[in-house]
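Every chain is named by a letter (A, B, C and D) in the order it is written, and numbering of its residues begins at 1.
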Amino acid sequence: MFELPEKARAIQAEVEQFFTEHVLPANSQWQKEASDGFARPPVEMALRDRAKALGLWNMALPRLTEDEPGMRLSNLEFTGVAEVLGRLEWASRVFNCHAPDVPNMELLQLFATEKQREQWLKPLLEGEMGSAFAMTEPDVASSDPANLETCIERDGEYFILNGRKWFASNAGHEHCELIIAVGVTDPEAPKSQRQSLLLVPRHAPGVDIIRNLPVFDHTSVTNMHTELTFTDVRIPVDQLLGERGAGFSIGQARLGPARLHHCMRAIGECEVLISLMVERSQARSTFGKRIDEYGATQAAISLSRIELDQCRLLVQRAAHLLDTVGNKVARKQISMIKVAVARVYQDIADRAVQIYGAKGVTSDTPAARAFNRARAFRIYDGPDEVHLQTIARLEAADQDLSHVAYYLSGE
Amino acid sequence: MFELPEKARAIQAEVEQFFTEHVLPANSQWQKEASDGFARPPVEMALRDRAKALGLWNMALPRLTEDEPGMRLSNLEFTGVAEVLGRLEWASRVFNCHAPDVPNMELLQLFATEKQREQWLKPLLEGEMGSAFAMTEPDVASSDPANLETCIERDGEYFILNGRKWFASNAGHEHCELIIAVGVTDPEAPKSQRQSLLLVPRHAPGVDIIRNLPVFDHTSVTNMHTELTFTDVRIPVDQLLGERGAGFSIGQARLGPARLHHCMRAIGECEVLISLMVERSQARSTFGKRIDEYGATQAAISLSRIELDQCRLLVQRAAHLLDTVGNKVARKQISMIKVAVARVYQDIADRAVQIYGAKGVTSDTPAARAFNRARAFRIYDGPDEVHLQTIARLEAADQDLSHVAYYLSGE
Amino acid sequence: MFELPEKARAIQAEVEQFFTEHVLPANSQWQKEASDGFARPPVEMALRDRAKALGLWNMALPRLTEDEPGMRLSNLEFTGVAEVLGRLEWASRVFNCHAPDVPNMELLQLFATEKQREQWLKPLLEGEMGSAFAMTEPDVASSDPANLETCIERDGEYFILNGRKWFASNAGHEHCELIIAVGVTDPEAPKSQRQSLLLVPRHAPGVDIIRNLPVFDHTSVTNMHTELTFTDVRIPVDQLLGERGAGFSIGQARLGPARLHHCMRAIGECEVLISLMVERSQARSTFGKRIDEYGATQAAISLSRIELDQCRLLVQRAAHLLDTVGNKVARKQISMIKVAVARVYQDIADRAVQIYGAKGVTSDTPAARAFNRARAFRIYDGPDEVHLQTIARLEAADQDLSHVAYYLSGE
Amino acid sequence: MFELPEKARAIQAEVEQFFTEHVLPANSQWQKEASDGFARPPVEMALRDRAKALGLWNMALPRLTEDEPGMRLSNLEFTGVAEVLGRLEWASRVFNCHAPDVPNMELLQLFATEKQREQWLKPLLEGEMGSAFAMTEPDVASSDPANLETCIERDGEYFILNGRKWFASNAGHEHCELIIAVGVTDPEAPKSQRQSLLLVPRHAPGVDIIRNLPVFDHTSVTNMHTELTFTDVRIPVDQLLGERGAGFSIGQARLGPARLHHCMRAIGECEVLISLMVERSQARSTFGKRIDEYGATQAAISLSRIELDQCRLLVQRAAHLLDTVGNKVARKQISMIKVAVARVYQDIADRAVQIYGAKGVTSDTPAARAFNRARAFRIYDGPDEVHLQTIARLEAADQDLSHVAYYLSGE
């Protein structure tokens, strides 16, 4: 009962085989092409075609319909696959299972009009374009969406969009065609009903890419974090996604699966790091002992195993709840996995760096970048502190305190 | 799939109802009787009869046979029950599911001769006597059993037992009749084959109780930690438990389920502590804010929820593995839960103490004693460090390192 | 410059010699007498006379005047002495340097009228009576003094005192004659001016000792934590200590040195624990290695050394600031040492317990009780969280932010 | 007594003024020039001239002689200066107080022949060239110097040098002229007498720069971490530094002050990070509260203040000991500050990143790079684990255990 269901294991095995035979051996080639400036490295493109042909495609979309390309998996079923994909930063793209396209597709599945689906969802499902989600703004504390200042004003049959965003992942990617922008349409409405989502063509006049933000000095062309401005961008009114004023609640909906996928991928990467710690610590010696004989190394590896297994179980349970009781009820679970996994991810990467010594800070191993990605993860998808606040509130609501007095005594 | 099987939930519900209706409301009565010096408080005795009559008895023994009293549950099924029982330190005794009698009964089920079963197992199953397990010695570092010095020498049809033991839980309890003692029968054999187990009547001549050890200043008559000496204790040779020289491996076997049960009970107790944190933090205010509005309190509660849920899942998985692949294969899992749960238990108790302020250090709430019990748990059933060493070794053995090179680069 | 001044070292050496020659060897005798029920063990009384005769007396009172008995030391000078005294829980009493009498004497030195000094300060200085300070109340969150509910009402030439207090250390001690009680005299005044201090004879009618509170199951007759009630206790108006309504600020004043002394004593105790860790880890072996060869043990000892030295330096600096700039300016420092030392104390004690294994949870070593005392220290003298809040506020006030912009860049 | 001596404070103030008036305002200019590819940014060069002219030069060399340029400060005196310089990564260079030139100059002061001093020390003191120290090798675990494989073979009047090194900081810098290389001259000697130091001209034939290593994806031309190979490099025998076979002990000597300086600079940088946390948390709000009102933020700032002050005191004490009792006796202290400061540095940077949110992972603030620099610091100058081992050993040697038995009891 703590194994994934049989179907999920079968697909996981299939993906694992594809990954091991085709993706992993291509890694050094991919790294080379990426550092040569290919935003979509040819080796990745070739593997994409292959994966798509095999139907190993769009596996992260539980709402996939019969006539859409790919394989429909439940959230739980996807966890096993996601873990495999997480082993390499670029593997998810091979299977069209990467952020932010997946959560954007899910938004479109849930809220897009027929016309919008045709225009945006279809090419995304086919992998013919990329997309971005632009909510965070440099000028306000964006972990509270009520602070957002980007404004969307109606002007006849158009909305006029003005504002500055940053960390809109992949908005500046050469493949990106769609930016889903969050802006204020109704400044006088109650806080949670002020915002709306607008489908903004990446190349619309007034959309200006300012810079590709470094994340701990890492900037890549394959995975960008973009600062951009909207200056009087005119968008036809039928490009509003979902209800006017519903931006906040739609945004929330988007976050459930997005967080889940980030967590599962991180777990896959952590498995790689544990293997590397074991391997490296067996390969070198100091002061007459193999590194793996030192208590510190043993604790590093053992605690990583314990914590990672705990995270996987928690995430799988959350996935199962998303499947069965839905996003809203599983909200506490989603916050819980977000906090738990980000911490463990950072700790495991920290240990891997240490066991490698100086090599651990270079890019010769995945440890250094994992360490920084993990650090960023404690901020994106909501800073730790905000989730802890949320969990406490929901926990209090869940508690039945009617019997606690029996546990207490005193004068 | 992250719920216990239906049967297990049904029984858990039944036990929970009994607990809530009968056991919990009797808690203050029990505390009073215990502090009045009753080693077996009358209120507990009465509830025992009632539970036994209902068949809520011996639920922690997966090897229970048809003709033995009680309800056979698998390890996994028992987890849910154990969690309920863990809420009060004395609840397990009501259902004859308490340590060290349960692991001792399991040993007897596995290794006792027909005669030994009749003499010792039967009354234990009926709850007519108590037992103890005496391995640890004050004079040697006993986390390495190879250090043990108690000796068992053959003298015709008898073994002569000499040595000093301590922390033989409940050996000094007025109800105890049997002490399973670990001693060296074969000093020249290879390290792991030197020891044997002997079934020693508590009141045999030469068995002397030295003292009831305080555990962080807590001494009770209901749950004792006994220091004792064996001086020329004569035991008939047919009272050897299992093979001569097999003491080490038998002892190991004993520890799997014992650790599991300790972990599950601790989780139950932690649930109580979380409830108490929620309750208390809603009840008081400082500097114009309710305690539960402070970030520190929220973090305390949220992290406790996250960590506890992670522990429960890990423990349930370990239980499932004990049921399916057995003690030996699940060894890494057992070490993992031991380390994980003891830490979380200590952390949650630490937070509960803090949220209570000065009240938290008194005995008016269960927090103080939980804090100390948790602290002891990081030592008994094997110190953290020893388990971390074991896990690292088993983890390395589990790893397939054939693909790691693909993740590395460098000149 | 990181050594104490020469005079301080000379006195520290003198105290150390007395301690090593007379106090420490008497420890087992003292423990025996204390557990036999002597609130003032004869061996302690004899040593007190001896120390007093040598002038090693009242060393914790920087305001000691020429005609008062004892040796005036500055706060800084006392740090070295306090550390020696901290090695044994009862050593401070030998030199009349123990809490709560010291901070109470200091209060009296600062605020008492001539008559009050004669009546209370003099016998305290001579060590002829004990005292207590009763602020905390069980029914309100007392880390915010504004919550206190005990009331002091004027009735002609008397105040009538009503309320319930707890954790008034040593109020129930057989030697105690004076309870300094905090109560509300002016409920309508601004929050910080509502309270006053009243000098209450321990045996005044209406003063009722309810219980001697266990602190993690430790209750002793030598050092008590008392719950008590005041029921219509009549106290002449000239027994108000300091100004009416000044209770809050006087109470604050009391806390500076009190916290300092607790910190220094804790450091002394931690030194003992480090020695014990070293000693024990050299004395036993597991799995073919001496315990001190394990990385975990080495880290335990090394981190303890690092953290403890850091604490000592911080505390000595705070003492120096108390001497030079005073209580108010040094407020941030006092909060800082409180937080720092309590944590390190708990961590070091935790490590010592672990290295001892099962012995560590008994009372055969000082580790178990130190662990619990440390845990309590995170609550008394103000819970961690409250100090962290205070420090942050004072830190912000201390900051000159005029140049920070130079460190920032961005679009 | 916890202030630096007056002379030290006066010079610190002078440096601080220069820093605030000239260096800090030039920061954005410097950053621009550095990212435009200037290994020695013109703005830095101009400030260097100015500082040198004022005599604010070579302040980190306690052995500076009368006729050498600059200002001789003791280690303790330099701590205050170093902290100011640490605020900006490039500020130390302005005053010729940067690594690795400072420890290399110290080595030359201690061990160079007259001729070597003329050739290498003089231009370094004048700031006319740079230098590097090449010990670490990619192919062996270099935290144990006994593992080193680079070999130095005698061939008549020459040594022939062969080997691969990495992380030889600034060996590849355009200004570097001298590489001090560690290699094995006497493979058959006892472990600690096998190695010697060789003064290798950077541009000698056979010295090949392989790559500029990224440190967490940060590569700069101003501060490089170089991988290089030595292939049959021929060096005259009079270029051996110190005794043949003394490489190990000389290398140890070098590390004392080097570690001290790294620690002091890190403390300076942490002060900047604290200021930034305070500033940022006052500037933004979420959910109706300013960020600095949240308990998590307050704890972040307060703990940073506590830990940083503790580190500063410990480091200053270590500096004082280096000055008074010397490198060898102060060895434990040096290991202690290394471990303590690296951890606190990482923690403070971690908190600063978090408080900035997404901005914290960019290069718009110093937090992200500080976080990574701190992480690397837990490895260079010796990994944490190795220092913890050393400290434990020295601590045990320092302990007088003759009285510990008095603290113990038991049967």
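In this text, contacts are C-beta pairs under 8 Å (C-beta built on N, C-alpha and C of every residue); 3 or more make two chains touch, one makes a residue touch a chain.
For clarity, every value in this text was computed on a predicted model and none was experimentally measured.
J.: From the centre of subunit D, which chain's CA centre is farthest?
T.: Chain centre farthest from subunit D's centre: B.
J.: Per the definition at the top, count C-beta pairs in contact and tell me whether B-C or A-C has more.
T.: Between B-C and A-C, the larger count of C-beta pairs in contact belongs to B-C.
J.: Centre to centre, by mean C-alpha position, how many angstrom separate subunit A and subunit B?
T.: 41
J.: Report the inter-centroid distance (CA atoms only) between subunit B and subunit C in whole Å.
T.: So the centroids are 38 Å from each other.
J.: Can you give the whole-Å distance between the Cα centres of subunit A and subunit C?
T.: So the centroids are 51 Å from each other.
J.: If I count partner chains per residue in subunit B, which residues reach a count of at least 2?
T.: 138, 294-297, 299, 359, 362-363, 385, 388, 410 - these are the residues of subunit B that touch more than one other chain.
J.: Name, in rising order, each residue of subunit B that touches subunit D in their complex.
T.: 138, 210-211, 227, 294-297, 299, 410-411
J.: Help me check something: in the complex, which residues belonging to subunit C touch subunit D?
T.: Going through subunit C, the ones touching subunit D are 1-2, 5, 20, 24-25, 27-28, 31, 76, 87-88, 272, 274-276, 278-279, 282, 292, 295, 297-299, 301-303, 305-306, 309-311, 313-314, 316-317, 320, 336, 339-340, 359, 362-366, 385, 387-389, 391-393, 395-396, 399-401, 403-404, 406-410.
J.: So in the complex, which bits of subunit B are touching subunit C?
T.: 136, 138, 140-144, 146-147, 166-167, 213-218, 284-287, 291, 294, 296, 350, 353-354, 357-363, 368-369, 371-372, 375-376, 378-380, 383-386, 388
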